[in-house]
Amino acid sequence: MHAHGTTSELFRRIETSFLRQGMMQHLGVQLLRVEPGLCELALPHSERVTQQQGSFHGGAMGALADIAGGYAAMTAAGSDSEVTTVEYKINFLAGFTSGQLRAVGRVVRAGRRIIVTTAEVTHLDPHGTSTACAVMQQTIMVVAKTY
Amino acid sequence: MHAHGTTSELFRRIETSFLRQGMMQHLGVQLLRVEPGLCELALPHSERVTQQQGSFHGGAMGALADIAGGYAAMTAAGSDSEVTTVEYKINFLAGFTSGQLRAVGRVVRAGRRIIVTTAEVTHLDPHGTSTACAVMQQTIMVVAKTY
Amino acid sequence: MHAHGTTSELFRRIETSFLRQGMMQHLGVQLLRVEPGLCELALPHSERVTQQQGSFHGGAMGALADIAGGYAAMTAAGSDSEVTTVEYKINFLAGFTSGQLRAVGRVVRAGRRIIVTTAEVTHLDPHGTSTACAVMQQTIMVVAKTY
Amino acid sequence: MHAHGTTSELFRRIETSFLRQGMMQHLGVQLLRVEPGLCELALPHSERVTQQQGSFHGGAMGALADIAGGYAAMTAAGSDSEVTTVEYKINFLAGFTSGQLRAVGRVVRAGRRIIVTTAEVTHLDPHGTSTACAVMQQTIMVVAKTY
(Lines give C-alpha, C1' and ligand atoms only; values in the text may rest on other atoms or scores of the structure.)
Protein backbone atom coordinates (compact mmCIF):
# COMPACT_ATOMS: atom_id res chain seq x y z
CA MET A 1 0.00 0.00 0.00
CA HIS A 2 1.30 3.41 -0.88
CA ALA A 3 0.82 6.43 1.30
CA HIS A 4 -1.07 9.28 -0.31
CA GLY A 5 0.54 12.49 0.92
CA THR A 6 1.96 13.02 4.40
CA THR A 7 0.24 11.82 7.55
CA SER A 8 -1.03 15.29 8.42
CA GLU A 9 -2.58 15.71 4.97
CA LEU A 10 -4.10 12.27 5.45
CA PHE A 11 -5.44 13.30 8.84
CA ARG A 12 -7.04 16.41 7.38
CA ARG A 13 -8.60 14.50 4.49
CA ILE A 14 -10.16 11.98 6.85
CA GLU A 15 -11.14 14.66 9.36
CA THR A 16 -12.99 16.63 6.68
CA SER A 17 -15.20 13.64 5.98
CA PHE A 18 -15.46 12.66 9.66
CA LEU A 19 -16.72 16.08 10.76
CA ARG A 20 -19.57 15.81 8.23
CA GLN A 21 -20.92 12.69 9.99
CA GLY A 22 -23.80 13.95 12.11
CA MET A 23 -24.11 10.66 13.95
CA MET A 24 -20.43 10.52 14.98
CA GLN A 25 -20.58 14.11 16.27
CA HIS A 26 -23.78 13.35 18.11
CA LEU A 27 -22.47 10.23 19.82
CA GLY A 28 -19.31 12.08 20.85
CA VAL A 29 -16.79 10.15 18.73
CA GLN A 30 -13.29 11.66 18.42
CA LEU A 31 -10.80 11.13 15.59
CA LEU A 32 -7.46 10.33 17.25
CA ARG A 33 -5.01 9.02 14.70
CA VAL A 34 -4.72 8.52 10.94
CA GLU A 35 -1.82 6.75 9.22
CA PRO A 36 -1.57 4.96 5.90
CA GLY A 37 -3.75 1.89 6.38
CA LEU A 38 -4.81 2.82 9.94
CA CYS A 39 -7.42 4.93 11.73
CA GLU A 40 -8.07 5.23 15.48
CA LEU A 41 -11.20 6.65 17.12
CA ALA A 42 -12.31 7.22 20.73
CA LEU A 43 -15.81 7.18 22.25
CA PRO A 44 -16.33 8.24 25.87
CA HIS A 45 -19.17 6.64 27.82
CA SER A 46 -22.37 8.73 28.01
CA GLU A 47 -26.10 8.06 28.16
CA ARG A 48 -26.16 8.62 24.40
CA VAL A 49 -24.39 5.29 23.81
CA THR A 50 -25.89 2.92 26.40
CA GLN A 51 -27.96 -0.25 26.13
CA GLN A 52 -30.56 -1.44 28.67
CA GLN A 53 -28.00 -2.24 31.40
CA GLY A 54 -25.94 0.93 31.10
CA SER A 55 -23.11 -0.68 29.11
CA PHE A 56 -21.83 0.67 25.82
CA HIS A 57 -24.44 -0.27 23.19
CA GLY A 58 -23.44 -2.89 20.64
CA GLY A 59 -24.69 -0.43 18.05
CA ALA A 60 -22.15 2.12 19.29
CA MET A 61 -19.33 -0.43 19.16
CA GLY A 62 -20.48 -1.47 15.69
CA ALA A 63 -20.62 2.11 14.41
CA LEU A 64 -17.20 2.89 15.90
CA ALA A 65 -15.59 -0.21 14.37
CA ASP A 66 -17.29 0.41 11.00
CA ILE A 67 -15.98 3.98 10.83
CA ALA A 68 -12.46 3.07 12.01
CA GLY A 69 -12.24 0.38 9.32
CA GLY A 70 -13.80 2.62 6.68
CA TYR A 71 -11.39 5.49 7.26
CA ALA A 72 -8.42 3.12 7.40
CA ALA A 73 -9.57 2.00 3.93
CA MET A 74 -9.95 5.60 2.76
CA THR A 75 -6.25 6.19 3.46
CA ALA A 76 -5.50 3.40 0.98
CA ALA A 77 -7.80 4.74 -1.76
CA GLY A 78 -6.88 7.62 -4.08
CA SER A 79 -7.67 11.13 -2.82
CA ASP A 80 -10.22 11.48 -5.66
CA SER A 81 -12.10 8.43 -4.37
CA GLU A 82 -14.75 7.83 -1.74
CA VAL A 83 -15.20 4.55 0.08
CA THR A 84 -18.43 2.83 1.07
CA THR A 85 -19.01 -0.09 3.43
CA VAL A 86 -20.24 -3.17 1.56
CA GLU A 87 -20.60 -5.20 4.76
CA TYR A 88 -19.05 -5.95 8.10
CA LYS A 89 -19.18 -8.66 10.75
CA ILE A 90 -18.53 -7.94 14.41
CA ASN A 91 -18.07 -10.18 17.47
CA PHE A 92 -18.70 -8.70 20.90
CA LEU A 93 -16.31 -9.83 23.63
CA ALA A 94 -17.11 -7.78 26.75
CA GLY A 95 -19.26 -4.92 28.05
CA PHE A 96 -18.33 -1.88 30.15
CA THR A 97 -20.44 0.75 31.90
CA SER A 98 -17.92 3.61 32.07
CA GLY A 99 -14.58 4.80 30.70
CA GLN A 100 -14.04 5.02 26.96
CA LEU A 101 -13.82 2.84 23.88
CA ARG A 102 -10.97 2.92 21.40
CA ALA A 103 -11.32 1.47 17.91
CA VAL A 104 -8.33 0.85 15.65
CA GLY A 105 -9.13 0.02 12.02
CA ARG A 106 -6.45 -1.57 9.83
CA VAL A 107 -6.27 -2.41 6.13
CA VAL A 108 -5.68 -6.13 5.56
CA ARG A 109 -5.57 -5.94 1.77
CA ALA A 110 -6.21 -3.01 -0.54
CA GLY A 111 -7.32 -3.93 -4.04
CA ARG A 112 -8.30 -1.45 -6.74
CA ARG A 113 -12.03 -2.06 -6.20
CA ILE A 114 -12.28 -3.86 -2.86
CA ILE A 115 -10.46 -3.13 0.42
CA VAL A 116 -10.61 -5.60 3.31
CA THR A 117 -10.11 -4.27 6.83
CA THR A 118 -10.29 -5.38 10.44
CA ALA A 119 -10.98 -3.32 13.55
CA GLU A 120 -10.30 -3.95 17.21
CA VAL A 121 -12.44 -2.19 19.80
CA THR A 122 -10.89 -1.98 23.27
CA HIS A 123 -12.07 -0.47 26.52
CA LEU A 124 -9.86 1.97 28.40
CA ASP A 125 -10.61 2.55 32.07
CA PRO A 126 -9.55 5.70 33.99
CA HIS A 127 -6.40 3.89 35.19
CA GLY A 128 -5.29 3.16 31.64
CA THR A 129 -6.17 -0.55 31.72
CA SER A 130 -7.12 -1.81 28.28
CA THR A 131 -9.51 -4.73 27.62
CA ALA A 132 -10.66 -6.23 24.32
CA CYS A 133 -14.34 -5.39 23.60
CA ALA A 134 -15.06 -6.36 20.00
CA VAL A 135 -13.42 -7.50 16.77
CA MET A 136 -14.69 -6.66 13.30
CA GLN A 137 -13.95 -7.82 9.74
CA GLN A 138 -15.14 -5.59 6.92
CA THR A 139 -15.44 -5.22 3.15
CA ILE A 140 -15.10 -1.74 1.63
CA MET A 141 -15.76 -0.71 -1.98
CA VAL A 142 -13.87 2.13 -3.67
CA VAL A 143 -16.25 4.48 -5.52
CA ALA A 144 -15.95 7.81 -7.36
CA LYS A 145 -16.33 10.86 -5.12
CA THR A 146 -19.73 12.48 -5.55
CA TYR A 147 -19.43 15.59 -3.42
CA MET B 1 -40.93 -21.89 19.06
CA HIS B 2 -43.49 -21.36 21.78
CA ALA B 3 -45.00 -18.00 22.54
CA HIS B 4 -44.47 -16.76 26.08
CA GLY B 5 -47.68 -14.99 27.11
CA THR B 6 -49.90 -12.90 24.87
CA THR B 7 -48.57 -10.45 22.30
CA SER B 8 -49.35 -7.43 24.46
CA GLU B 9 -47.45 -8.93 27.41
CA LEU B 10 -44.64 -9.64 24.99
CA PHE B 11 -44.74 -6.05 23.74
CA ARG B 12 -44.55 -4.70 27.30
CA ARG B 13 -41.67 -7.00 28.21
CA ILE B 14 -39.65 -5.88 25.19
CA GLU B 15 -40.67 -2.24 25.64
CA THR B 16 -39.44 -2.23 29.26
CA SER B 17 -35.97 -3.23 28.08
CA PHE B 18 -36.11 -1.00 24.99
CA LEU B 19 -36.91 2.15 26.96
CA ARG B 20 -33.82 1.57 29.10
CA GLN B 21 -31.56 1.85 26.03
CA GLY B 22 -30.17 5.39 26.13
CA MET B 23 -28.76 5.14 22.63
CA MET B 24 -32.04 4.04 21.05
CA GLN B 25 -33.92 6.88 22.76
CA HIS B 26 -31.25 9.32 21.70
CA LEU B 27 -31.25 8.30 18.05
CA GLY B 28 -35.06 8.48 17.97
CA VAL B 29 -35.80 4.77 17.45
CA GLN B 30 -39.42 3.65 17.95
CA LEU B 31 -40.66 0.18 18.90
CA LEU B 32 -43.47 -0.66 16.46
CA ARG B 33 -44.35 -4.33 16.70
CA VAL B 34 -43.53 -7.39 18.80
CA GLU B 35 -44.75 -10.91 18.04
CA PRO B 36 -43.37 -14.32 18.94
CA GLY B 37 -40.14 -14.51 16.94
CA LEU B 38 -40.48 -11.01 15.45
CA CYS B 39 -39.68 -7.39 16.32
CA GLU B 40 -40.12 -4.27 14.17
CA LEU B 41 -38.51 -0.87 14.79
CA ALA B 42 -38.65 2.51 13.03
CA LEU B 43 -35.99 5.23 12.77
CA PRO B 44 -36.88 8.62 11.20
CA HIS B 45 -34.12 10.52 9.40
CA SER B 46 -32.45 13.29 11.46
CA GLU B 47 -28.98 14.82 11.74
CA ARG B 48 -28.38 12.47 14.67
CA VAL B 49 -28.15 9.48 12.31
CA THR B 50 -26.32 10.79 9.22
CA GLN B 51 -22.96 9.95 7.62
CA GLN B 52 -20.78 12.37 5.65
CA GLN B 53 -23.16 12.67 2.68
CA GLY B 54 -26.36 13.12 4.67
CA SER B 55 -27.56 9.53 4.24
CA PHE B 56 -28.55 7.29 7.11
CA HIS B 57 -25.32 6.18 8.78
CA GLY B 58 -24.32 2.54 8.41
CA GLY B 59 -23.86 2.57 12.17
CA ALA B 60 -27.52 3.55 12.58
CA MET B 61 -28.66 0.79 10.22
CA GLY B 62 -26.42 -1.66 12.06
CA ALA B 63 -27.72 -0.66 15.50
CA LEU B 64 -31.33 -0.82 14.28
CA ALA B 65 -30.88 -4.27 12.76
CA ASP B 66 -28.97 -5.53 15.83
CA ILE B 67 -31.76 -4.43 18.18
CA ALA B 68 -34.57 -5.75 15.96
CA GLY B 69 -32.88 -9.15 15.80
CA GLY B 70 -32.02 -9.12 19.50
CA TYR B 71 -35.59 -8.37 20.61
CA ALA B 72 -37.00 -10.93 18.18
CA ALA B 73 -34.71 -13.41 19.95
CA MET B 74 -35.84 -12.19 23.37
CA THR B 75 -39.44 -13.17 22.50
CA ALA B 76 -38.17 -16.72 22.01
CA ALA B 77 -36.26 -16.86 25.31
CA GLY B 78 -37.90 -17.46 28.69
CA SER B 79 -39.18 -14.36 30.51
CA ASP B 80 -36.56 -14.96 33.21
CA SER B 81 -33.79 -14.73 30.63
CA GLU B 82 -31.85 -11.91 29.04
CA VAL B 83 -30.29 -12.10 25.59
CA THR B 84 -26.96 -10.76 24.43
CA THR B 85 -25.58 -10.32 20.93
CA VAL B 86 -22.65 -12.66 20.27
CA GLU B 87 -22.08 -11.26 16.77
CA TYR B 88 -23.79 -10.02 13.65
CA LYS B 89 -22.98 -9.50 9.99
CA ILE B 90 -24.69 -6.83 7.90
CA ASN B 91 -24.70 -6.07 4.17
CA PHE B 92 -25.63 -2.55 3.06
CA LEU B 93 -27.73 -2.36 -0.10
CA ALA B 94 -28.71 1.30 -0.56
CA GLY B 95 -28.55 4.74 1.08
CA PHE B 96 -31.26 7.35 1.62
CA THR B 97 -31.14 10.98 2.77
CA SER B 98 -34.68 11.37 4.12
CA GLY B 99 -37.78 9.40 5.13
CA GLN B 100 -37.50 6.61 7.68
CA LEU B 101 -35.95 3.19 8.15
CA ARG B 102 -37.85 0.11 9.25
CA ALA B 103 -36.09 -2.95 10.62
CA VAL B 104 -37.84 -6.30 11.02
CA GLY B 105 -35.95 -8.91 13.05
CA ARG B 106 -36.96 -12.57 12.79
CA VAL B 107 -35.89 -15.71 14.63
CA VAL B 108 -34.49 -18.34 12.24
CA ARG B 109 -33.80 -20.96 14.91
CA ALA B 110 -34.16 -20.79 18.65
CA GLY B 111 -32.00 -23.21 20.59
CA ARG B 112 -31.74 -23.37 24.34
CA ARG B 113 -28.40 -21.52 24.40
CA ILE B 114 -28.07 -19.95 20.95
CA ILE B 115 -30.71 -18.13 18.88
CA VAL B 116 -30.04 -17.29 15.22
CA THR B 117 -31.90 -14.35 13.69
CA THR B 118 -32.02 -12.27 10.54
CA ALA B 119 -33.14 -8.68 10.07
CA GLU B 120 -34.21 -6.73 7.02
CA VAL B 121 -33.81 -2.96 7.01
CA THR B 122 -36.00 -1.15 4.51
CA HIS B 123 -36.45 2.52 3.65
CA LEU B 124 -39.91 4.05 3.62
CA ASP B 125 -40.38 7.31 1.74
CA PRO B 126 -43.23 9.79 2.45
CA HIS B 127 -45.30 8.19 -0.33
CA GLY B 128 -45.09 4.75 1.28
CA THR B 129 -42.59 3.33 -1.20
CA SER B 130 -40.41 0.69 0.43
CA THR B 131 -36.84 -0.15 -0.69
CA ALA B 132 -34.40 -2.72 0.72
CA CYS B 133 -31.51 -1.02 2.62
CA ALA B 134 -29.63 -3.73 4.51
CA VAL B 135 -29.76 -7.40 5.50
CA MET B 136 -28.31 -8.80 8.72
CA GLN B 137 -27.59 -12.29 10.10
CA GLN B 138 -27.01 -12.56 13.83
CA THR B 139 -26.08 -14.90 16.69
CA ILE B 140 -27.71 -14.34 20.09
CA MET B 141 -26.84 -16.02 23.38
CA VAL B 142 -29.42 -16.67 26.11
CA VAL B 143 -28.12 -15.61 29.54
CA ALA B 144 -29.56 -15.32 33.05
CA LYS B 145 -31.20 -11.98 33.80
CA THR B 146 -29.00 -9.79 35.98
CA TYR B 147 -31.23 -6.80 36.67
CA MET C 1 -33.29 -8.31 -12.19
CA HIS C 2 -33.57 -9.36 -15.81
CA ALA C 3 -33.31 -12.94 -16.91
CA HIS C 4 -30.56 -13.65 -19.42
CA GLY C 5 -31.92 -16.20 -21.88
CA THR C 6 -34.31 -19.03 -21.07
CA THR C 7 -34.00 -21.18 -17.97
CA SER C 8 -32.50 -24.08 -19.90
CA GLU C 9 -29.83 -21.82 -21.41
CA LEU C 10 -29.21 -20.53 -17.89
CA PHE C 11 -28.92 -24.08 -16.59
CA ARG C 12 -26.40 -24.97 -19.29
CA ARG C 13 -24.33 -21.86 -18.63
CA ILE C 14 -24.13 -22.61 -14.91
CA GLU C 15 -23.59 -26.33 -15.52
CA THR C 16 -20.61 -25.63 -17.80
CA SER C 17 -18.90 -23.75 -14.98
CA PHE C 18 -20.07 -26.20 -12.30
CA LEU C 19 -18.66 -29.26 -14.08
CA ARG C 20 -15.22 -27.58 -14.15
CA GLN C 21 -15.12 -27.47 -10.32
CA GLY C 22 -12.95 -30.42 -9.31
CA MET C 23 -13.91 -30.07 -5.65
CA MET C 24 -17.67 -30.15 -6.30
CA GLN C 25 -17.31 -33.26 -8.49
CA HIS C 26 -15.11 -34.89 -5.89
CA LEU C 27 -17.48 -34.26 -2.99
CA GLY C 28 -20.41 -35.56 -5.05
CA VAL C 29 -22.37 -32.31 -5.38
CA GLN C 30 -25.21 -32.27 -7.92
CA LEU C 31 -26.66 -29.24 -9.74
CA LEU C 32 -30.45 -29.52 -9.39
CA ARG C 33 -32.08 -26.28 -10.43
CA VAL C 34 -31.17 -22.92 -11.98
CA GLU C 35 -33.59 -20.01 -12.38
CA PRO C 36 -33.03 -16.27 -12.66
CA GLY C 37 -31.71 -15.32 -9.22
CA LEU C 38 -31.76 -18.89 -7.87
CA CYS C 39 -29.59 -22.01 -7.79
CA GLU C 40 -30.20 -25.31 -5.97
CA LEU C 41 -27.62 -27.99 -5.25
CA ALA C 42 -27.71 -31.42 -3.55
CA LEU C 43 -25.01 -33.24 -1.59
CA PRO C 44 -25.57 -36.86 -0.50
CA HIS C 45 -23.88 -38.03 2.71
CA SER C 46 -20.64 -39.95 2.22
CA GLU C 47 -17.34 -40.37 4.09
CA ARG C 48 -15.92 -37.69 1.79
CA VAL C 49 -17.95 -35.00 3.58
CA THR C 50 -17.89 -36.01 7.27
CA GLN C 51 -16.43 -34.37 10.38
CA GLN C 52 -15.14 -36.20 13.45
CA GLN C 53 -18.56 -37.48 14.59
CA GLY C 54 -19.78 -38.64 11.19
CA SER C 55 -22.02 -35.62 10.55
CA PHE C 56 -21.84 -33.52 7.42
CA HIS C 57 -18.71 -31.35 7.76
CA GLY C 58 -19.25 -27.62 8.27
CA GLY C 59 -16.77 -27.17 5.45
CA ALA C 60 -19.07 -29.16 3.16
CA MET C 61 -22.09 -27.08 4.19
CA GLY C 62 -20.05 -23.91 3.69
CA ALA C 63 -18.83 -24.94 0.23
CA LEU C 64 -22.34 -25.98 -0.80
CA ALA C 65 -23.87 -22.68 0.38
CA ASP C 66 -21.04 -20.65 -1.19
CA ILE C 67 -21.55 -22.30 -4.59
CA ALA C 68 -25.37 -22.09 -4.47
CA GLY C 69 -25.15 -18.36 -3.71
CA GLY C 70 -22.41 -17.78 -6.27
CA TYR C 71 -24.31 -19.46 -9.11
CA ALA C 72 -27.52 -17.67 -8.14
CA ALA C 73 -25.49 -14.46 -8.54
CA MET C 74 -24.10 -15.63 -11.88
CA THR C 75 -27.64 -15.85 -13.27
CA ALA C 76 -27.99 -12.13 -12.49
CA ALA C 77 -24.69 -11.13 -14.15
CA GLY C 78 -24.25 -10.74 -17.91
CA SER C 79 -23.30 -13.89 -19.84
CA ASP C 80 -19.92 -12.28 -20.64
CA SER C 81 -19.17 -11.93 -16.92
CA GLU C 82 -17.72 -14.18 -14.27
CA VAL C 83 -18.51 -13.86 -10.57
CA THR C 84 -16.19 -14.26 -7.61
CA THR C 85 -16.97 -14.61 -3.92
CA VAL C 86 -15.78 -11.58 -1.94
CA GLU C 87 -16.90 -13.06 1.38
CA TYR C 88 -19.60 -15.05 3.09
CA LYS C 89 -20.87 -15.66 6.60
CA ILE C 90 -22.58 -18.88 7.62
CA ASN C 91 -24.45 -19.97 10.74
CA PHE C 92 -24.76 -23.68 11.46
CA LEU C 93 -28.09 -24.79 12.90
CA ALA C 94 -28.04 -28.60 13.06
CA GLY C 95 -25.98 -31.65 12.14
CA PHE C 96 -26.99 -34.91 10.43
CA THR C 97 -25.17 -38.22 9.89
CA SER C 98 -27.05 -39.51 6.82
CA GLY C 99 -29.44 -38.47 4.07
CA GLN C 100 -28.62 -35.48 1.87
CA LEU C 101 -28.18 -31.73 2.02
CA ARG C 102 -29.94 -29.27 -0.23
CA ALA C 103 -28.72 -25.71 -0.67
CA VAL C 104 -30.84 -23.00 -2.29
CA GLY C 105 -29.01 -19.76 -3.14
CA ARG C 106 -31.03 -16.62 -3.84
CA VAL C 107 -30.09 -13.13 -5.05
CA VAL C 108 -31.12 -10.45 -2.55
CA ARG C 109 -29.88 -7.50 -4.58
CA ALA C 110 -27.99 -7.41 -7.86
CA GLY C 111 -25.94 -4.27 -8.47
CA ARG C 112 -23.68 -3.70 -11.45
CA ARG C 113 -20.53 -4.47 -9.43
CA ILE C 114 -21.74 -6.18 -6.26
CA ILE C 115 -24.41 -8.89 -5.85
CA VAL C 116 -25.70 -9.84 -2.40
CA THR C 117 -27.12 -13.33 -1.90
CA THR C 118 -28.37 -15.64 0.82
CA ALA C 119 -28.43 -19.42 0.91
CA GLU C 120 -30.40 -21.88 3.00
CA VAL C 121 -28.98 -25.35 3.59
CA THR C 122 -31.55 -27.96 4.59
CA HIS C 123 -31.29 -31.66 5.39
CA LEU C 124 -33.53 -34.14 3.62
CA ASP C 125 -33.98 -37.54 5.20
CA PRO C 126 -35.02 -40.70 3.28
CA HIS C 127 -38.67 -40.06 4.25
CA GLY C 128 -38.63 -36.58 2.69
CA THR C 129 -38.52 -34.70 6.00
CA SER C 130 -36.71 -31.40 5.63
CA THR C 131 -34.81 -29.64 8.47
CA ALA C 132 -32.90 -26.34 8.43
CA CYS C 133 -29.10 -26.94 8.67
CA ALA C 134 -27.40 -23.61 7.92
CA VAL C 135 -28.02 -20.06 6.68
CA MET C 136 -25.51 -18.00 4.73
CA GLN C 137 -25.20 -14.36 3.67
CA GLN C 138 -22.74 -13.58 0.89
CA THR C 139 -21.12 -10.80 -1.16
CA ILE C 140 -20.29 -11.51 -4.81
CA MET C 141 -18.27 -9.31 -7.18
CA VAL C 142 -18.92 -9.22 -10.92
CA VAL C 143 -15.68 -9.51 -12.92
CA ALA C 144 -14.73 -9.85 -16.59
CA LYS C 145 -14.57 -13.44 -17.83
CA THR C 146 -10.99 -14.64 -18.19
CA TYR C 147 -11.40 -18.08 -19.76
CA MET D 1 -6.01 -18.77 28.69
CA HIS D 2 -4.48 -21.74 30.42
CA ALA D 3 -2.71 -24.51 28.61
CA HIS D 4 -4.18 -27.96 29.18
CA GLY D 5 -1.26 -30.38 29.36
CA THR D 6 1.93 -30.17 27.33
CA THR D 7 2.00 -29.24 23.67
CA SER D 8 2.54 -32.82 22.56
CA GLU D 9 -0.48 -34.00 24.58
CA LEU D 10 -2.39 -31.14 23.01
CA PHE D 11 -1.23 -32.21 19.54
CA ARG D 12 -2.36 -35.78 20.15
CA ARG D 13 -5.76 -34.69 21.47
CA ILE D 14 -6.39 -32.54 18.40
CA GLU D 15 -4.94 -35.16 16.04
CA THR D 16 -7.29 -37.84 17.41
CA SER D 17 -10.28 -35.68 16.46
CA PHE D 18 -8.69 -34.50 13.20
CA LEU D 19 -8.05 -38.02 11.90
CA ARG D 20 -11.75 -38.84 12.37
CA GLN D 21 -12.73 -36.13 9.86
CA GLY D 22 -13.38 -37.99 6.62
CA MET D 23 -13.55 -34.76 4.63
CA MET D 24 -10.19 -33.46 5.84
CA GLN D 25 -8.51 -36.79 5.02
CA HIS D 26 -10.16 -36.86 1.64
CA LEU D 27 -9.12 -33.33 0.67
CA GLY D 28 -5.56 -34.06 1.79
CA VAL D 29 -5.37 -31.66 4.75
CA GLN D 30 -2.41 -32.10 7.13
CA LEU D 31 -2.21 -31.12 10.80
CA LEU D 32 1.08 -29.20 11.22
CA ARG D 33 1.13 -27.45 14.58
CA VAL D 34 -0.91 -27.27 17.78
CA GLU D 35 -0.15 -24.88 20.66
CA PRO D 36 -2.35 -23.40 23.37
CA GLY D 37 -4.69 -21.11 21.44
CA LEU D 38 -3.24 -21.97 18.02
CA CYS D 39 -3.61 -24.58 15.27
CA GLU D 40 -1.92 -24.70 11.86
CA LEU D 41 -3.00 -26.83 8.89
CA ALA D 42 -1.67 -27.35 5.36
CA LEU D 43 -3.53 -28.21 2.15
CA PRO D 44 -1.56 -29.04 -1.02
CA HIS D 45 -3.15 -28.17 -4.37
CA SER D 46 -4.88 -31.08 -6.15
CA GLU D 47 -7.87 -31.54 -8.42
CA ARG D 48 -9.87 -32.47 -5.31
CA VAL D 49 -9.85 -28.83 -4.15
CA THR D 50 -10.24 -26.77 -7.34
CA GLN D 51 -12.93 -24.41 -8.59
CA GLN D 52 -13.85 -23.81 -12.25
CA GLN D 53 -10.59 -22.02 -13.13
CA GLY D 54 -8.23 -24.46 -11.41
CA SER D 55 -7.63 -22.27 -8.34
CA PHE D 56 -8.10 -23.47 -4.80
CA HIS D 57 -11.86 -23.61 -4.18
CA GLY D 58 -13.31 -21.05 -1.77
CA GLY D 59 -15.00 -24.00 -0.10
CA ALA D 60 -11.58 -25.56 0.53
CA MET D 61 -10.24 -22.31 1.98
CA GLY D 62 -13.37 -21.99 4.10
CA ALA D 63 -13.14 -25.55 5.41
CA LEU D 64 -9.43 -25.15 6.17
CA ALA D 65 -9.97 -21.87 8.05
CA ASP D 66 -12.99 -23.29 9.91
CA ILE D 67 -11.00 -26.30 11.12
CA ALA D 68 -7.90 -24.28 12.04
CA GLY D 69 -10.03 -21.90 14.13
CA GLY D 70 -12.06 -24.73 15.64
CA TYR D 71 -9.03 -26.71 16.78
CA ALA D 72 -7.35 -23.56 18.11
CA ALA D 73 -10.53 -23.16 20.20
CA MET D 74 -10.40 -26.80 21.30
CA THR D 75 -6.97 -26.20 22.87
CA ALA D 76 -8.63 -23.55 25.06
CA ALA D 77 -11.54 -25.78 26.14
CA GLY D 78 -11.27 -28.45 28.82
CA SER D 79 -10.14 -31.90 27.69
CA ASP D 80 -13.59 -33.26 28.60
CA SER D 81 -15.23 -30.80 26.19
CA GLU D 82 -15.98 -30.78 22.51
CA VAL D 83 -16.28 -27.61 20.43
CA THR D 84 -18.71 -26.85 17.65
CA THR D 85 -18.71 -24.03 15.10
CA VAL D 86 -21.62 -21.64 15.66
CA GLU D 87 -20.71 -19.52 12.65
CA TYR D 88 -17.84 -18.04 10.70
CA LYS D 89 -17.26 -15.26 8.19
CA ILE D 90 -14.49 -15.39 5.61
CA ASN D 91 -13.08 -12.84 3.16
CA PHE D 92 -11.21 -14.12 0.13
CA LEU D 93 -8.16 -12.07 -0.87
CA ALA D 94 -6.43 -13.96 -3.70
CA GLY D 95 -6.53 -17.20 -5.71
CA PHE D 96 -3.73 -19.60 -6.63
CA THR D 97 -3.57 -22.57 -9.02
CA SER D 98 -0.69 -24.51 -7.47
CA GLY D 99 1.48 -24.78 -4.35
CA GLN D 100 -0.16 -25.20 -0.95
CA LEU D 101 -2.35 -23.35 1.51
CA ARG D 102 -1.53 -22.82 5.15
CA ALA D 103 -4.19 -21.86 7.70
CA VAL D 104 -3.33 -20.60 11.17
CA GLY D 105 -6.22 -20.39 13.62
CA ARG D 106 -5.85 -18.28 16.78
CA VAL D 107 -8.04 -17.79 19.84
CA VAL D 108 -9.02 -14.12 20.30
CA ARG D 109 -11.01 -14.65 23.46
CA ALA D 110 -11.93 -17.83 25.30
CA GLY D 111 -15.04 -17.62 27.46
CA ARG D 112 -16.57 -20.51 29.34
CA ARG D 113 -19.33 -20.99 26.76
CA ILE D 114 -18.18 -19.04 23.70
CA ILE D 115 -14.71 -18.88 22.11
CA VAL D 116 -13.93 -16.31 19.41
CA THR D 117 -11.17 -17.09 16.92
CA THR D 118 -9.61 -15.76 13.75
CA ALA D 119 -7.77 -17.62 11.02
CA GLU D 120 -5.39 -16.48 8.32
CA VAL D 121 -5.07 -18.53 5.16
CA THR D 122 -1.86 -17.96 3.20
CA HIS D 123 -0.50 -19.43 -0.01
CA LEU D 124 2.99 -20.91 -0.08
CA ASP D 125 4.65 -21.35 -3.45
CA PRO D 126 7.47 -23.85 -4.14
CA HIS D 127 10.04 -21.07 -3.54
CA GLY D 128 8.68 -20.38 -0.04
CA THR D 129 6.95 -17.11 -0.96
CA SER D 130 3.92 -16.53 1.21
CA THR D 131 0.83 -14.51 0.15
CA ALA D 132 -2.35 -13.75 2.08
CA CYS D 133 -5.34 -15.71 0.67
CA ALA D 134 -8.22 -15.34 3.13
CA VAL D 135 -9.09 -14.06 6.61
CA MET D 136 -11.78 -15.59 8.82
CA GLN D 137 -13.55 -14.59 12.05
CA GLN D 138 -15.40 -17.33 13.90
CA THR D 139 -17.64 -18.12 16.87
CA ILE D 140 -17.19 -21.47 18.63
CA MET D 141 -19.42 -22.98 21.32
CA VAL D 142 -18.08 -25.28 24.04
CA VAL D 143 -20.24 -28.40 24.45
CA ALA D 144 -20.06 -31.63 26.43
CA LYS D 145 -18.20 -34.43 24.67
CA THR D 146 -20.61 -37.02 23.28
CA TYR D 147 -18.28 -39.72 21.96
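When the chains are written out, they are named A, B, C and D in that same order, and each has its own residue count from 1.
As a convention for this text, a contact is a pair of C-beta atoms (placed from the backbone, for glycine too) under 8 Å apart; a residue touches a chain by one contact, two chains touch by 3 or more.
Bear in mind the structure is a predicted one, so any value in this text is a computation, not a measurement.
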A student comparing A-D to A-C should find more C-beta pairs in contact for A-D
Between chain C and chain D, the Cα-mean centres are separated in Å by 22
Distance between the CA centroids of chain A and chain C (whole Å) is 33
Whole-angstrom distance, CA centroid of chain A to CA centroid of chain D, is 29
Note: chain B residues in touch with at least two other chains are 86-87, 89, 91, 139
Among line, ring, star, complete and other, the chain touch graph is complete
Per the touch rule above, chain C residues touching chain B in the complex are 89, 91, 93-94, 108-109, 116, 118, 132, 135-137, 139
Per the touch rule, the chain D residues reaching chain C in their complex are 17-18, 20-24, 26-27, 46-54, 57-60, 62-64, 66-67, 84-92, 146-147
The chain C residues in contact with chain A across the complex are 86-87, 89, 113-114, 139, 141
